[in-house]
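Have a look at these structures, which come just after this line.
Okay, so chain A shows up in both of these, paired with chain B first and chain C after.
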Partner chain A sequence: MISTVIWCLFAGMTVMAALAVATSKNVVHCGFGLLFSLLGVCAMYVFLGADFLAATQVIVYVGGILVLILFGVMMTHRITATDLKSELVQPVAALIAAVAILVLSVGMILEQVWPAKEHLDPITPTTHAFGVSFLTDYLFPFEFASVLLLVALIGAAMFTRDSAGEDSDHV
Partner chain B sequence: MFEVGLVHYLGLGAVLMACGIFTVLSRRNAIVILMGIELMLNAAALNFVAFNRYITDGITGQLVAVFIIVIAAAEAAVALAIVLTIFRNFQTVQVNQVDRLRR
Partner chain C sequence: MEAFQQMLSQAGWAQGMQPWALSGLAMLFAGGTILGGVAVGAMFFIWTERKVAGYIQSRYGPMYVGHFHGVLQSIADGVKLLLKEDIWPTDADKFLFRIAPLLVFTGAFLSFVVLPFGPDFVGASLDIGLFYAFATSSLVVMGVIAAGWGSNNKWSLYGAMRGAAQVISYEIPLGLAVLPVVMSVGSLNLGTLAEAQRGWLWSWHLFNPIFFVSFVIYLISSLAEVNRVPFDLPETESELVSGYHTEYTGMKFAFFFLGEYADMFVVSAIAVSVFLGGWYTGIPAVDAFVPAPLVFILKSVFLVFVQIWLRWTLPRLRVDQLMYVCWKVFIPLSLANLFIYGLIRSMVG
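Take a look at the complex of A and B:
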C-alpha cells in the first residue's frame, strides 16, 4: 500500500508543521510551519481527488495569504529588532482547551457510524463541474464572493493609507 | 497497512483544529493569532472535502471549500491591514497592550 505510506508522510508533515505553528516562539518559524501545513493540506486535497481545489490552495494560500502574513511579520517589527519573539502565554489553559476539543472531536468521529458510499467515484478532473456550478446553481454565492473580495480589497487599502483617519478630507 | 478512509481525514482535521485553537489561545502576537485562524479554516475545509469524497456525490463540498478559501483571503487582507494600522498607532502588535480606543 504505497499510497497509504505516502498519505502518512504528508499527514505527518501537516501535523508536525501545525505543531510548529502552535509551539514555536519565533514568528518567522511559525510562518514557515504554516507554509508546510498548508502544503500538506494541499496534498490531502490531491488524495481526495480535488484537483482544482489543490491548485487553488497553492495559489491563494501559499502564494497569497502566506506571503501577506510574512509581509505583516516584516512590517510590524522594527528592522533593528532582532528578536521576532512571540511568547506563549497561559499555555496550560490553552493546552487544556485544545486537548479537550481534540478528544471530543476524535471521540465523536470514532463513535459515529458514517454513511459510506458503495464504491468511491473515480477521480476525474473537477474543473468543468466547478465552472458549471459557479455559473448555474452557485451563481449568487459566486457573485457575492466577488463583491466581498472587492470590498475587502478596498477596505484594506483604505485602512493602510498613510493619511488614514487624519487628513482624509481629500480622497 | 490500513486503508485511508474518512475517519483519517477527519482525525487530521481535528488535529489541525486543535493546533489552531492552541495557537489562538496561547499567543499575544496578533499575526500568530491570524496564523492559528488560518489553520482552523483549513481544518474545516479539509473536512468538507473529505465528506464530499466519501459521503456525497457531486462537488458540493469542494465548492464550500473554495468559498472558505475566498473568505480566508478576504479575512487575511483586512486583518493584516488592521494589524498594520494598530502597529502604526501603538508600535506593538501584542493584543493585550492595545487597550485604548483613542490615541
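Take a look at the complex of A and C:
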C-alpha cells in the first residue's frame, strides 16, 4: 500500500524529469532534470531489491558523469546565451526511429524471463554475488572495461598537456 | 526501524493498526529522530566551533546568550536567520537557487540513516551502508554546483567549481582507503564493521599498521570531502567572499551551514565505525554497562573537535597543491596499501 504510493511518486518523478530534460531550453536545467531522473531510476533499483546497483547508479551517474557534464557546460563561455533548439526536424524519420526502439525494448521486456522473487521483504545482499561473477564468469568484460577506462584516462592526460616533457603549472 | 516498531507495539499504540500504518509510523519516528538530532547537533557544533576558535585565538567567543559561555547563541542565531529577509540576486536562476540548499542538506541528512549508533540504534542497517554513505555525498556535490550556477555570481561559480572538483577527486582516496578494512571484515555494513572490533582496545582497526595508513588517508581526505580547512578552497573568505553560498541569506544560508556541520559528523561517525571501534570502549568489562550510543556519539564528537581544531591551526592549501596531494600522493598510496593488504591476505590465507 505505502510502497505502491511511494513507487508511483518515484516513477512519476523519473518520467517528469526525463520530459524536462527533453524539453528544457536551458542546458543547465537539462542537467538538473537528468539528476532527478537518475535518482528516480535509482529508486526503481531499490524497489527491485538491487541495493548495490542503486548506490552504484548514484555514485557513477550522479557523482561522476553528471558532474562532468555540468563541469563542461559551466566551463563553456556564454553557454546560456545560446538557446537549445527543440523544434521538430524530420518528424517522419524520428517517429520511425522512436517506434522501432519502443517495439524492440517492449519486445525484449516481454520475452525475457526475469529472475524476480515473489517477495523481497528483507533486501538480500547482492555484493557477494556481484563480486563472484565479476571475477569468474564476467572476468573478460570486466578487465576489458578497466583497460578501456585506463586508455581514456591516459588519453585525457595527453591531450591536456601543453607540450611534451614540460610540466605545466596552469591550474 | 525494527526497534521503533517493537517499541510502538509494546507501548500498546499498535493495537488494531494496519501493518503498513505501523511501518509508516515507525519510518516517521526514525526520520524525525534523525532530523531533530541533526538540527540540534549541528547547532551544538556551531557553538563548539566558535568557542574552540575563541580559545585557540586567546579570546572568549560567544559569552552572553544563555549566561553560561553563550550556550544559547546558536538558538539566537537560528531565530535571527528565520527573521531575516530572503534576498534573491536579480538574475539568479530561480529554480537552481532554491533547490541548492535542499540538495546539500538532504545529501548530508540521508547518510545518517546508516550510521550505527549502537547494535540496535541504526536507522536502516543496509548491507551496503558504507557505499551508500559515499553515494549520498554525490547529492551534496550537485547542491554545490546548483548554488554556484544559480547565484549568477562569478565568485560563487568559482567556489562551486572548486568544490565539485575537490569532492569528486577526494572521493577516490576516501573509498580506496576503507577498502582494506572492508576486505578484512567482508562486509560494507557499518554495523558489522564496528562489531568486528569488539574486545580490547587493540582489536580496533586503528591499531593494525595497514589500517592505520588507511585511517590517516581517510581522515585527511574526509576534511577535503566536507570542505574544511586546510581544504576550504570552495569558501576561501579572502579570495571568493564566501564561495558558493555568497548570495544566500536567512534560512537558505542556514541550510548550507546545517548541512556542513551534519556532514562533518557523518564523516567522523564513519571513521569511528570503521576504524575506532564503533560503540565499543575498548575494555570489555566497561562495554557491559556503558550505553552504546553514548560511546559512539562521544567518539564522533571528538573527531569533529579535531576537525575544528585543525581549522584554526592550519593555513589553507593552494588549488594545485590540493590536487597534487590527492592525485599524486593519496591515490597511489591508498592503491599500494590496498595491494599490500591483498598480497598479505592471499599469502597468509
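The working rule: the second predicted complex is superposed on the first by the 112 of 171 C-alpha atoms of A that agree within 3 Å, B and C clash if a C-alpha of one lies under 4 Å from a C-alpha of the other, contacts with A are read in each partner's own complex, and residues count from 1 in each chain.
Definition applied: a residue touches a chain if its C-beta (ideal position, glycine included) is under 8 Å from a C-beta of that chain, and two chains touch if they have at least 3 such contacts.
None of these values were measured; they are calculated from a predicted model.
Enquirer: Just checking: does A:Phe32 make contact with chain B only, chain C only, both, or neither of them? Give me first, second, both or neither.
Expert: Once the two structures are laid over each other on A, A:Phe32 reaches chain C alone.
Enquirer: Looking at chain A, does chain C or chain B touch more of its residues?
Expert: The partner with more contacted residues on chain A is B.
Enquirer: Going by the contact rule set out at the top, does A:Gly155 touch chain B (first), chain C (second), both, or neither?
Expert: Touch status of A:Gly155: first partner only.
Enquirer: Scan A:Val62 for contacts with chain B and chain C and give back first, second, both or neither.
Expert: second
Enquirer: Have a look at where A:Phe71 lands relative to chain B and chain C in the superposition and call it first, second, both or neither.
Expert: A:Phe71 sits against chain B and chain C alike.
Enquirer: After the superposition on A, what does A:Met16 contact: first (chain B), second (chain C), both or neither?
Expert: neither
Enquirer: Check whether A:Ala50 is in contact with chain B, with chain C, with both or with neither, and answer first, second, both or neither.
Expert: The first partner, chain B, only.
Enquirer: Need the overlap of the two footprints on chain A, from chain B and from chain C, as residue ranges.
Expert: Common to the two interfaces on chain A: residues 1, 52, 56, 64, 71, 126.
Enquirer: Which stretch or stretches of chain A touch chain B in the complex?
Expert: Residues 1, 3-5, 7, 11, 14-15, 18-19, 21-22, 27, 30-31, 34, 37-38, 41, 44-45, 47-50, 52-53, 56-57, 60-61, 64-65, 68-69, 71-73, 75-76, 86-91, 93-95, 97-99, 101-102, 105-106, 109-110, 114-117, 120-121, 126, 129-130, 133-134, 138, 141, 145, 148-149, 151-153, 155-157, 159-160, 164 of chain A touch chain B in their complex.
Enquirer: In the complex, go through chain B and note every residue touching chain A.
Expert: These residues of chain B touch chain A: 1-4, 6-12, 14-23, 25-29, 31-32, 34-36, 38-39, 42, 45-46, 49-50, 52-55, 57-59, 62-63, 65-67, 69-78, 80-85, 87, 93.
Enquirer: Per the contact definition, I'd like the list of chain A residues that touch chain C in the complex.
Expert: Touching chain C from chain A are residues 1-2, 26, 28-29, 32, 35, 51-52, 55-56, 58-59, 62-64, 66-67, 70-71, 74, 123, 125-127, 169, 171.
Enquirer: Mind listing the chain C positions that touch chain A in their complex?
Expert: Against chain A, the touching part of chain C is residues 18, 20, 23-24, 93, 95-96, 99, 126-128, 131-132, 134-139, 141-142, 145-146, 148-149, 157, 160-161, 164-165, 168, 171, 188, 319-320, 323.
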